[in-house]
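Please find the structures below.
Shared chain: chain A. Partners: chain B in the first complex, chain C in the second.
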Partner chain A sequence: MGLGAYVGVSAALFALGLICIISRRNILYVLFGVEMVMNAAMINFAAFNHFNGGGLEGRVFVVFLIILAAAESAIALAIVLNVFHLMKTVKPSEADFLRE
Partner chain B sequence: MEHHLTALDWKLLLAVPAIPLAAFVVQIFFGRRLPRGGDWLPTAGMFVVMCITVRMLFVALGAAGHGPFFHESVNEGGPVFEWFYQSAEKAPSLNLVAGVLYDGLGAAMLAVVGVVSFFVHLFSMGYMKGDRRYHIFFANISLFTFAMLGLVLSDNLLFLFIFWELMGLMSYLLIGHFSHDPDSPRIKQAAAACKKAFLTTRVGDTCLLFGMAIFYYNFRTFQFSEMWRLGAEAVAANGGEYPAWMTVAGLFVFGGTMGKSAQFPLHIWLPDAMEGPTPVSAMIHAATMVAAGVFLLGRTFPLMSPDVLQFVTVVGSVTALFAATIGCTVNDIKGVLAYSTISQLGFMVAAIGTAGAAVGTVGIGLVAGLFHMVTHAFFKACLFLSAGSVIHGCHHEQDMRKMGGLRKKMPLTFAAMLICTLAIAGTPLFSGFYSKDKIIASAWEAVMGHGGWVGPFALICLALAAMLTTFYMFRLIFMTFFGKPKDQHIHDHAHESPAPMVVSLLALATLGLFGGKMWAMDGDVLGEHTWFESLVWHVDHETGETEQFLYPGIDLSQMNIASAAEARAHDPEHTAHIGHEAHTRALIVSLGVLLLGVLGAALMYLKRLIDPARVTAKFGRFYTTVANKYYVDEVVDATLIRGTMSLSRTQKWIDENIVDGLVLLMGRIHKALGFVGAWIDKHIVDGLVNLMASVIQTTGSVVRLLQTGRIQQYVSFAVAGGILLAAFHILS
Partner chain C sequence: MNLNRVFYGALGLAGAVAMGAGLQSAGGPGLAFGFCAYLILGGAAVCIWERSIVRSAFSLMATFLGVAGLFVLLGSDFLAMAQILIYVGGILALLLFGVMLSPPDNEERSLARVGAATVLVGAGVAFVAAQVAGGVAGWVMADTLPAEDSHARAIGLAFLDPKQYVVAFELAAYLLTVALVAAVYIARRRRVDYEPLPASAGGQD
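Up next is the complex of A and B:
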């Protein structure tokens, strides 16, 4: 299996995450989509690292990204909780006060 | 031999005007709060001034006879105040340097002003008691004195003019003193009188300003000493004749004298000035104001051409006789004295004028006129204050017809007034005799020369005026102090005035007696050597040769008194003889008119042998004319005032109909233009602005549809944008 297969899986995962972000009606699924997009990026880091020299750098980036994703989901969940408190809904289509 | 003043003397001289000025400043700001309204402050100041001026007079007298003496000013180390001073190279025409000029005439005048002003101040402390604006009165009278003292000490025409104007202002304020008192019964008359005084003297002041301008244009200096010197040079350069412009300028300067010294026809303000408080009248009529005009004539005498002097003689003679006739018909005690002042000023002016035509003694008229100014100041101040004392004693009754028999009620006032009446009548041994005698002598000398009709005209006018003076003054005395009381009520309440007033009266009466000549000291009863004359000239009584100290270095016999010089060169013995002859005849004339006047007054008003009513009936229309002051006021009213009024009415019409019409037309045009402008602004300019706004609004509302606030949509847009960018990148 070559680099193309990894990139293909990564692209598929990115596409699925993006669709999830744009189309899901529940904000938690949107967050899942964000995680999927990040995982796609992580696969790319690991794959390119492996096929272009095989050092440690790519894998260290993946570890950082995992921590970053964790931190991001913590903040995102906090925002979601606040949005829920404020709007009594978890549907992004209804929470449209960015318009104002 | 030159005589110089010490530094201390100069400081004292500078203090003379400074003290009343300081008194004025304190009085005007704090007078109300000071005890007694602060009247003691200016009075004490004036006492100091009097002491200084008298001391300086003795310094001057001690130096007299040493030729030209302490004519000190800019060039000679006296106090100098540089004003607009530029170095000679930069602007030689702009050197206005004010200094102090202290010569014989100044010394005499300064002492007169100092003494008379002090006694007027002292008198006012009694007379003005209870006045609403007591402290303001003292402030004003202080500044009035300051102006006169400054005028006397000025060494240049410009500063003389500034003080001259200040005096005009102060006379305005003081004559109108009662116009601020709502309780005064004559508030309107006081307001009208002060306005009249101010405006009438303003006519003369304008003339003086013209004269000054002409002199300055030619001489480029206002300094008296320079003006005299340049005047002498101009005359010499013109072959002993005065240039025409000097005659014109001299007439203008004399116009100033006519205004200030109340010469016909500018005399009309002076009788009305009686509306002021009596001490003010005494001030104006004796030491200040009217004396300033004669003083100016004395200062500018060398600049007056013989033609001007002829005019001066005529004006003075006419004024003297004219005012004396009116004086005989007036019943107001102050009114008599007012016309008497005008008449006496006519004497002074006429005397100075006759100096130009006199043939025996060079400058006799000039000295006589100035001497009369000095003696007149003493006895006229005393007469006015006595009249004030009578008015005060009679509870502000001024009509002589209601008085009578006051001799026993007010013995001291009577004594003072009698002494000064004898002085003004020219009775031998009294001060007025010495000056008046010289005036008549000067007129005689003018007659005895070949001066044409002016000399005889002056002599006849002055002799008649002298007789009438005696007549109306004794009429005043007889009507007021003798006979039976006309109004028992007034008589019963009449009383002698308080001490400050009586002291002033007696002091001034003493000066009225001895002010001309201290004959009690040296027995020189005929007055060959008077103190005033020793200050201003030296006469050799044997030859009639004179030497004057008034204008150092100027030989008047080469200038406007050329007639005397010619006569002397032609026949010296005869000329000397003329001098003696004139004096003898003058003495006879003086005594003759004196006796006639007293006799007439006694017959009519004391013994009642002749009924005054029958005399007036005999004169009929002439009497009515005189009693109405020759209708001068009416003529002035009909010509000048009505003329001015109709002129201003015409101008008002022009202003309202033509000027205002033009302005209104312009206004209408502008209004129409404004409407057009407003339309353009509203429809075109505003339209453009509104168009821009609506375009932006429309665009905004369209673009606004994109902003939904849904983040998933935003993400879609971002992704779509990314894909578009990538596609664009790949395809290009």
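Up next is the complex of A and C:
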């Protein structure tokens, strides 16, 4: 399996994540989509690293991406908890009281 | 319901095709690649398709496990381990915790919107693919692929080497600490939440 196959899978996963982000009306699905997009980026880093001689750079980037994803999802969940507490909804389109 | 059967039937068929194509083109490793790619994309597709958010969250587990499988195929066993430990064990558990906030809503998924998003994103992907397609042939590839061995030791040493990643590593540790403390702080219950509101004297609530 060459580099193209890995990049293809990663591009497809990125597209599915983007579809998930824009088509579902629930903040949690937006988070799921963001996780998919980050996984696609991680596959790319690991694949390009492997097919360019296998140094450490790409792998280290993936480790940092995983750390970033963990921090991001903890903060995002705390924000979702607060939004739900304040507005009793998890739909992004209904959290709009600044508009009034 | 009927549509559901069509979707899952197509999904199963796609899995068989992916694994068959992998086996045809590259033998055992190709089969493993096809299986992992099928887990990744099938999990993501089910996540978008399913009405129930719990099923969507669990289908993401297939996606994360498939990515871990791709890491193994790429010779990065350390990354596969970290992926399973942190993504499947930690992040997915956090997301499942968030699922409890979401009241069941069978009308939330609209196929029209999913279709429109698919067309939109598909057009974008097709555009980018057309731009990139010519350049792929010119990508610089290593002459020999690296041997399959564990890089855990090398990664650990690189993280603690002052000439390499020690600053980024410590900053990441700091970021994670701050993020988790901040998450607890943001999500905490305030005292007001527990105590009943005092009886209002002035007519305001």
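Here is the rule we use: the second predicted complex is superposed on the first by the 96 of 100 C-alpha atoms of A that agree within 3 Å, B and C clash if a C-alpha of one lies under 4 Å from a C-alpha of the other, contacts with A are read in each partner's own complex, and residues count from 1 in each chain.
Note that in this section contacts are C-beta pairs under 8 Å (C-beta built on N, C-alpha and C of every residue); 3 or more make two chains touch, one makes a residue touch a chain.
Keep in mind that what you see is a predicted model, and the values were worked out from it rather than measured.
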| item | value |
| --- | --- |
| Which partner, chain B or chain C, touches more chain A residues | C |
| Doubly contacted chain A residues - partners chain C and chain B | 18, 22-23 |
| Complex contacts: residues of chain A adjacent to chain C | 1, 3-6, 9, 11-13, 15-20, 22-26, 28-29, 31-32, 35-36, 39, 42-43, 46-47, 49-54, 56, 59-60, 62-64, 66-75, 77-82, 84-85, 90-91 |
| Contacting residues of chain C [partner chain A, same complex] | 22, 25-26, 29-30, 33, 37, 40-41, 44-45, 47-48, 53, 56-57, 60, 63-64, 67, 70-71, 73-76, 78-79, 82-83, 86-87, 90-91, 94-95, 97-99, 101-102, 105, 108-110, 113-114, 116-118, 120-122, 124-125, 128-129, 136, 139-142, 145-146, 151, 154-155, 158-159, 165, 168, 172, 175-176, 179-180, 182-184, 186-187, 193 |
| Touching residues on chain B, where the partner in the complex is chain A | 707-712, 714-716, 719 |
| List of chain A residues in touch with chain B within their complex | 18, 21-23, 30, 92-93, 96-100 |
